[in-house]
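All remarks here apply to the structure that follows.
First chain written, first letter: the chains are A, B and C, and each begins at residue 1.
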Amino acid sequence: MSPPLLDVEDLSLEFRTRQGVVRALEQVSFGIGPGETVGLVGESGSGKSATAYAIMGILDRAARVTAGRAVFRGVDLIGESESRRREYRGRELSMIFQSPRTALNPIRPVGAQIADALRRHAGLGRAAARRRAIELLDRVQIPDAERRSHAYPFELSGGMCQRVLIALAVAGKPALLIADEPTTGLDVSTQAAILDLIRELAAGGGMATLLITHDLAVVAERCDRIVVMHAGHVVEAAPRSRLFTTPRHPYTARLIASTPRPGTKLRDLVPVPGTVPDLRGVLPPCRYRTRCERAVDACDEPPLPRIIPAPGELVACRRPL
Amino acid sequence: MSRDRYLRHARHVLAENPVTLVASALLLVLVLLALAGPWLAPHDPLVTDTALKLDPPSWRHWFGTDQIGRDILSRVIVAARLDLAIAVSAVAISFALGSLGGACAGFFGGWADRIVTRISDTIMAFPLFVLAMGIVAALGNTIANIVIATAIINLPFYARMARGEANVRRQAGYVDAARLAGNSPARVLAAHVFPNCLPPMMVQASLNLGWAILNAAALSFIGLGVRPPTPEWGIMVAEGAAFIVSGEWWIALFPGLALMLAVFCFNLLGDGLRDLIDPRRRT
Amino acid sequence: MLRLCGRRLLLAVPGIVGVVVVTFVLNRALPGDPAAYFAGPAATREAIQEIRVRLGLDRSLPEQFVWYVRDLARGDLGKSITTGQPVRADLWSRLPASLELTLCGLALALGVALPCGVLAATRPGSWIDHTTRIVTTAGVSLPIFFTGLLLVYIFYYLLGWAPPPLGRTDAFSTAPPAVTGLLLLDSLIARDASAFGAAAKQLVLPAVTLGLFAMAPIARMTRASMLGVLSSDFIRTARATGLAPRTVLVTYALRNALLPVVTLLGMIFSFLLGANVLVEKVFAWPGIGSYALEALIASDYAPVQGFVLTMASMYVLLNLGIDLLYGLIDARVRIEG
């Protein structure tokens, strides 16, 4: 297997808050190969966004990486200086966020914002950057791109704003695109369109994608591999087909059972019991333990078990299915 | 809310916030000076003693004496009464008129709203201190007119606030209930809406008091309203201004410091009041 | 943009109308008999009556108002008893002094408060942050005339660094030929370095006094606004896009953060125009503020009214300018508003 484009190794992260230290991530490990589409799923609070922010280096001041690395093309982004990291952002790896409307500068035309990125990364002059920005807007399927490039975010719909953000993200021709809940807040048809656009751009540019979402249905169709997170841990990682046909971690099985699919009846849906544990204070080595119906006494003993059934796969369970 | 719980909450806020405690203590001192000033002053503020003129602070005259030998400490103490009286009356008048007008405007809308807004905007179209000068110049150079001028320029703040608050409450559930119960709109406004508009405006009033004191002092500094030999902080600073260049700093400094302390006190109180009132307000 | 200008101009009209009406009311609310003032203490009853007719004071109020507006339209603001000149001429000759003072004070305030506010927001918890917060909290409580006097005492009397507070120029230097009336500009135009230095020296303390007054709210608002903007979504996007820190700070963050500051400028101007009068008194500055004060003390009312009218008109125009500036920065106002 070719060396991974991004290799996250044992990433641990904590937040200092007024109510104590929140251990948001613990020993998170996964990899993304060149051109691969990886889905990162989990409930809200599972640490998916925190992982992405840590990789990008745009964490909040209250956050601190306590251990681990995020090696991108051989360089550990976490350990690098901020100025070095800045050279990677937008150019080698980029990110799009949810709430596209608020993610754009409200008093600057969208074309100018894309041009800013182009001048920074591609070294283009003013006029060239403006032209290329219009091309990009066209590429992300915004109709009437020339006129729309002078528009302000408040004049565009949510879906169009997300397309602008995608254009912004791919302006530097990155090798990896991280999409953090890109379709939350958009209507269903727009969701599909946006995801299709991302897939098309990824295929066209050989770009790898990390698709972060809480919705299993989204990753079910569009990802090569899926990484499942729970309460700051990676609990399972597997190729898509294997994950859905034979999930190995109890949490994964529960997640799949609670996701609606065509043909499922409402009464067949079973929610995952319990809630995500409070990440302050003392926690058992397996953070799913309190919600797990397969838990045994051995589950209370450290360390967190990690079984690697095949390269690129992972199950963090003492009693996998 | 029961009075008991309110007091307990008040004590809690004061305990948590030492700054508010200090400000409250300062306020008590000021009120005391205002009420009992003439009896607390060590010397008669109007008595002159040219032998002692321009004396720097000493044991007999803690704040020194001015150019005609009057004791500055006594004058500063006695001036508290006048300055506070002017500020309090001005704020009281503009609070009463402004909040009434604003509440009517916000509640009834229509031409009441238009009139109040027009008046408010017209006042705000002037630089406020300049307008106060013009009003005092037009009405006559008396203390009463200083109060009126300060009240007028403060009206828009209260009117706007009350209008906003009344507007928000106009659609509230209990207002509809009161209306359906047969109360006339005026009664609904008076009994239900208006009293609920008041708490946030109290915060504004406290901050306003500080500004009103500065305004009144500034007007008397430029020679309006208060005439010598009346002790008043603004005019005392004006009298001391001539002597600063020759080094007799105490004549202007102490009344200036008194002004600063009073304004500081009201500003801090306003912040403290906001902490007291805000957590209890459900918007 | 032009449409915005037109619309805002229209909105300014009621303001001007209000100003004219109020000044008229103040005009006519004078204590006593204005005709008697103009006639002087030794006038006979016939002379007073003659003046009353000439001033139109015997006509009905609405008619007087029309006369008043007509006079204003012609630029006639009456005559000053103390100087004997038309008020308009007096105001015109003294306006540059006030303008120079206010502009310098404002420039100083912006020049210090904006960077301090930005730095305090980008480096929270640093000494700049704490100092800015303390100074701004204290700055709002000090009466401006007191600050001016304190500065005179410290820098003139104690340290001897500043010249005596006696106005715009000292006795020894000659003023440069008047082009704009602003001494600093005129001396630059005439390339007269010593005149520039002399004018600047006199300007320092009064401009600092005015500036200090405005610095507090500007710094406070800049800091608060910047803090809010820096934690917003679009700044996160800008950082994630890898834009240079300077671009993120200036083009993205600062421009957005300045919007509430621009709105605040309206209130600041209201205070500055009023505080101008006080500073002119403390520093014996020959501007329109001290002109009005001298007239007021001498019971000469025409200059006072002219002064109020002038200040109010300037304020309305300044607010218009601020609205337009806001529209220039924020397109939402241009397109939606």
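We adopt the following convention: a contact is a pair of C-beta atoms (placed from the backbone, for glycine too) under 8 Å apart; a residue touches a chain by one contact, two chains touch by 3 or more.
Every value quoted in this text rests on a predicted model; they were computed, and no experiment measured them.
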Farthest chain relative to subunit C (centres taken as mean CA coordinates): A
More contacts between chains, B-C or A-C: B-C
Separation of subunit A from subunit B, taking each centre as the mean of its C-alpha atoms, in whole Å: 56
Subunit A and subunit C, separation of their C-alpha mean positions in angstrom: 54
Separation of mean Cα positions, subunit C and subunit B [Å, integer]: 24
Sites on subunit B at which at least two other chains make contact: none
Of subunit B, residues touching subunit C in the complex: 118, 121-122, 124-135, 137-140, 210, 214, 217-218, 221-224, 234, 237-238, 240-241, 244-247, 249, 252-253, 256, 259-260, 263-264, 267
Interface residues, subunit C side, partner subunit B - complex: 14-16, 18-19, 21-23, 25-27, 29-31, 138, 140-146, 149-150, 152-153, 156-157, 164-165, 269-275, 277-278, 281-282, 292-293, 296-297, 301, 304-305, 307-308, 311-312, 315-316
Complex contacts: residues of subunit C adjacent to subunit A: 232-234, 236-245, 247, 251-252, 255-256, 259, 329-332, 335-336
Subunit C-touching residues of subunit A, taken from the complex the two chains share: 56, 58, 86-91, 94-95, 97, 99, 102-109, 116-117, 120-121, 152, 154-155, 165, 168-169, 171-172
